[in-house]
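In the two assemblies presented below, chain A is common to both, partnered first by chain B and then by chain C.
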Partner chain A sequence: MTREEIIKSCLIFATGLFLLAFTLGPFIWMIWISLADRADFLVTGQVEYSLSNYRQVLTAHSLHFLDYLSNSLWISTITAIIVTLFSSMAAYAVSRMRFPGRSLVPLLILAMSMFPQISIVGYLFEMFSKAGLINSHMALILPYIAWTIPIALWINMSYFTQIPLDLDKAALVDGAGRMKVLYKIIFPLALPGIFSSALLVFIACFNEFLFAIMLTIDYTAQTLPVGIALFQGLHGEIPWGNLMAASAIASVPLVILTLIFQRYIVAGLMGGAVKG
Partner chain B sequence: MQATKITIKSLAKSFVTFRGKVDVLKSIDLAIEPGEFFVLLGPSGCCKSTLLNLLAGLEKPSGGELYFDQELVADSVGKFSGPFERDISMVFQSYALYPHMTVEENIAFPLTNLPQVPAPEVMKAKVKEAATLLQIDHLLDRKPAELSGGQRQRVAIGRAIVRNPRVCLMDEPLSNLDAKLRNEMRAHLKDLQKKLGVTTIYVTHDQLEAMTLGHRIAIMNNGVLQQVGTPVEIYRAPVNQFVAKFIGSPTMNMLSGELSEESGHLYLQADALKIRLPAETAGSLRARNLKKVTLGVRPERLYVKSEGEPNLALPVNVIENVGPEYLVYSFHQHGQIVVRTPDEPAGDRLELSLEAAHLHLFDEQGTRINL
Partner chain C sequence: MASGNFLQQYEKGEVRTAWIFIAPLLLIVGVFVLLPVLGTFYTSLFLDVSYLPEQFVGLRNYIDLLSSPDFWQALRFTLAYTVAAVTLEAFFGVMFALLLNEAFPGRGLLRVVILIPWAIPTIVSARTWQLIYEYTYGVMNYLVVNSGLVSERINWMGTEFGAFWALVFADVWKTTPFVVLILLAGLQAIPEDIYQQAKVDGAGLFRRFYKITLPLLMPVLVISLIFRTIDSLRMFDLVYVLTGGGPGGSTRTLSYLGFEAFANDNFGMGSTVSVVTFIVAFAITLVYLRAGKFSEQLK
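Presenting the complex of A and B:
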């Protein structure tokens, strides 16, 4: 190895280590606290490790942890499905068909997402109150759809435009209708993009806080971030152990999803479509 | 199945953009006979692919009518049948194979879209038949990424012929193949078209493909048909300078200049070059009273002369040996003259004779003067 290569690999290693510590540090801290029986163990030096925090979070009915979890899963899943469906159809139209204002549509949709959430949440509250939707799953699913469609549309568009137009033409000539072209040809080929956009939408909804705290009232519709944030209010003191255990469990679905989907989120699916 | 006749009447296509309307195809009239192998030839950007897309039903015409046999398939008023209703198939330059499907699924795809989807075993048999015809029946389980360029092209052709379409359209199908494979596939395609007898329209910018494949060729430039005819007709009697220069390799020599009389002979003075025209040519040119003409002569129709008075004499600049013959280049002020000759010329000057029968004359607008 030359001097240059040694320096290069040292720098890469150091940067990697730093990033790893930076991202995993708080996570490890969280796990650690969640496993300790008392949160001030570093001060007192006395610690016993147990799963009692986890047991408490999962079983204590007053905490409603499982309600929050299921709300979060339902709301995020439904949003991700609807957003994927609509954003992929929109991305297909925008990337494939010729119609007036074609280049304007994605920009307008992107412009929608430029409004800060806080600027519209007041009006949303009023609107949903009138419609009687406050404290329901719909109260979160609807704004989440509007809020995440732009990013999903743009991700899908970037993947769809990589698929050669000749494939559409060939499929149309071969007798497939536009919908069949979409789900038989474009969908399978843009799968990495569709999975990444669906995953991002899911994560965004799963973590969202502002809409969730403003548009819901109790555990029938509140999601995990809100629920966990409200732990502290219930008992007077801050139950760090419970908080951390709940947070650790809350990250499990995201980790599982990412692990499942990461094998789809790979390039190289396009090989052999057109001249190689 | 009875082959289909295609009639194109004043077909036009324009696109509307922010900068205004752009006419890309201007009133095309054509009749393509049943079972014909018809080639659309032209340089890149001459809109031959647009014409093909109109025939395919991938674009709507802005004017004119299009008939398959007696059936009107598209006009500018509102009648429009899609590609599948027209029962056409298409082979693309880029192959356009579905990368996530196997070869078998690729070829079977058009069959799965039929109103009555054939039974699986019928479908399998049809795919097998097409694949055997194209010698790719051993590749049915592979994905396109695992195939060579030539094999992919065969799969694309298999997909196009599997449902016995009325018309087969080919958009530069051989352009992505290397030279050797292209020659092989060309012969194979010609044979296949003969066997199937399907009306085929083939778009290319390669004159060699056009000359060897087509029963008839239509030459296009800037959205306008220049000439339609058999390869021989087009080679022997190009209607204008564009066609004359586009067909033939090396291209036809063009010499423009003024005509002048001198001691009973008619001469063409093209820059520094003075050409004595053969007596027959001179006679008919005199009758027409023309001042300026362009003389076109193919490299193989310039004959090296050893005795007698030559029609023109050239300095020799470069000699290329291309195997069975020599190409002799002579550069002049505005271009070059190429002579194709079987023997290597000696000396640095070439004396050449012309034959009236093999001269092409064009007027100042570039249109052929028929003598």
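Presenting the complex of A and C:
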């Protein structure tokens, strides 16, 4: 080995170790505390490990953890489905049909995603108050669709434009409608792109906090991030064990999803970033 | 996109179908983004508090906001926080992307592990950091004291200095993976033979990094930093959980200031803060885009 190769190996080893500690440290600490019966064992030195925090979080009715979880899953899933439907229709039109304004629409939609959430949430609150929608699933699903659809449009567009236009023409000549072309031809071919946009939309909704805390009031509509942010102990002191168990349950599905589908997530992020 | 043949007529049926396909998207973005944005601007011109009838006040809210020390403090904090977080993210992002671009045993595992912070919901990671920063039994103080870095525990949430860096670290942890992903794609696009040639010419490891990798990576780095900057400028959830804007209001971001006004039922002022937040973010994005073009021309 040359001197340069030795330096390089050392750098790789050190940076690799640092990366592991950096990324996994807080995550491991979360799991660790969730299994411990007390959070202050670094000072007191006494600790016992069990699954009782998980049992409490999942069974104690007053914590409403399962309500938050199911709200989050419903809202994120419904949003992802509707966004996928609408964004793929629009992406189809913009990337494969001729009409005046086809280059303007994507730019306009992209511009809409520039607005910070804070600059729409106040008015949404007043709007939904008048409509009696505050504290309903709808109060989150509707803004989430509008908030995530620009990125889904751009990701889907970047996949749709790679499919040869001749496929559409042949199908149209055979008498198929545009909708049929979209679902029979484009959808299957662009499935990886559509899947990665849906996945990113789901994750974004699952994580969203500002809309959720402004537009919901209690466990009938509050999502996991709100539940975890407002998680209170019965006696003032934060119940770290319970809280970290709840956090672990909230993150593990996303971590697993990310690890399994990392290829799609990376592709989606790149598609959105490069175009954006 | 639609280039050149503008003489060709559009087909009526096709145009109609196209607009039907786009209509749901336009409708929902129009009603739940554009309308609220316009509504927010409109509301910002009113005295709109719950205990009084609405009253048009023109630009009074803006004048009040710009003359309040809270606003300038929030603006200063938001900018300082963004600069600190984005700089550290660029540094760690380049470092980790360079690592993950090398061939070594275990690379596949690390490429997966790096995504974990990105996958964890921000609120969840904020709560975890809150525990890590706990004064008496938090692991951060345990580590910095026992490693001899500092002699006394740091009051992370109780001091301006501690709260600032606590927020920055939590943000850097959560979002560096995003920068790494984008940079990694940029690195993979650099052809290998440039390096071979440089090696033949006798350029060392660090020289190759400064002379080849960094300049070629610059456009991608700028893109990822634009994204990160836009995100940091509107940061809300970490502040909400970790500091609640404290101590003494020193860690309020612009978004948090707006949220506070809304939470106090002051919709006129909340809307004003929101409009100003947007203008600040937009102005900085424009500056960045100019810088981005500039670096592309340098190529």
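To be clear about the criterion, the second predicted complex is superposed on the first by the 229 of 276 C-alpha atoms of A that agree within 3 Å, B and C clash if a C-alpha of one lies under 4 Å from a C-alpha of the other, contacts with A are read in each partner's own complex, and residues count from 1 in each chain.
Convention: contacts are C-beta pairs under 8 Å (C-beta built on N, C-alpha and C of every residue); 3 or more make two chains touch, one makes a residue touch a chain.
Note that the structure is a prediction, hence the values are computed from the model and not measured.
Engineer: May I ask you to decide whether A:Gly132 touches chain B, chain C, both, or neither, giving the answer as first, second, both or neither?
Structural biologist: A:Gly132: touches no partner chain.
Engineer: Identify the partner contact of A:Ile109: answer first if only chain B is touched, second if only chain C is, both if each is, neither if none is.
Structural biologist: In the superposition, A:Ile109 touches chain C alone.
Engineer: Which partner does A:Phe22 contact after superposing on A: first (chain B), second (chain C), both, neither?
Structural biologist: The second partner, chain C, only.
Engineer: Check whether chain B or chain C contacts more residues of chain A in the superposed model.
Structural biologist: Of chain B and chain C, C contacts more residues of chain A.
Engineer: Show which residues of chain A both chain B and chain C reach, each in its own complex.
Structural biologist: 269-270, 273-274, 276
Engineer: Would you mind writing out the residues of chain A in touch with chain B in their complex?
Structural biologist: Residue positions touching the partner: 164, 166-167, 169-176, 180, 185, 188-189, 269-276.
Engineer: Which residues, counting only chain C, touch chain A once they are in their complex?
Structural biologist: Within the complex, chain C contacts chain A at residues 1-2, 10-11, 14-15, 17-19, 21-22, 24-26, 28-29, 31-37, 39-40, 43, 92, 95-96, 98-99, 102, 104, 106, 110-129, 131-132, 134, 136-137, 139, 142, 173, 177-178, 181-182, 185, 204-205, 223-224, 227, 230, 233-234, 236-237, 240-241, 254-255, 258-259, 262, 267, 270-271, 273-275, 277-278, 281-282, 285.
Engineer: Taking the complex as given, what residues does chain B use to touch chain A?
Structural biologist: 56, 58, 82-84, 88-90, 92-100, 109-110, 113-114, 143-147, 149, 152, 159, 176
Engineer: Of all residues in chain A, which touch chain C in the complex?
Structural biologist: Where chain A meets chain C, its residues are 4, 7-8, 12, 15-16, 19-20, 22-24, 26-27, 29-30, 33, 39-44, 85-87, 89-90, 92-94, 97-100, 102-103, 105, 109, 112-127, 142-143, 145-147, 149-150, 153, 178, 203, 206-207, 209-210, 213-214, 224-226, 228-229, 231, 240, 243-244, 247, 250-251, 254-255, 257-259, 262, 265-266, 269-270, 273-274, 276.
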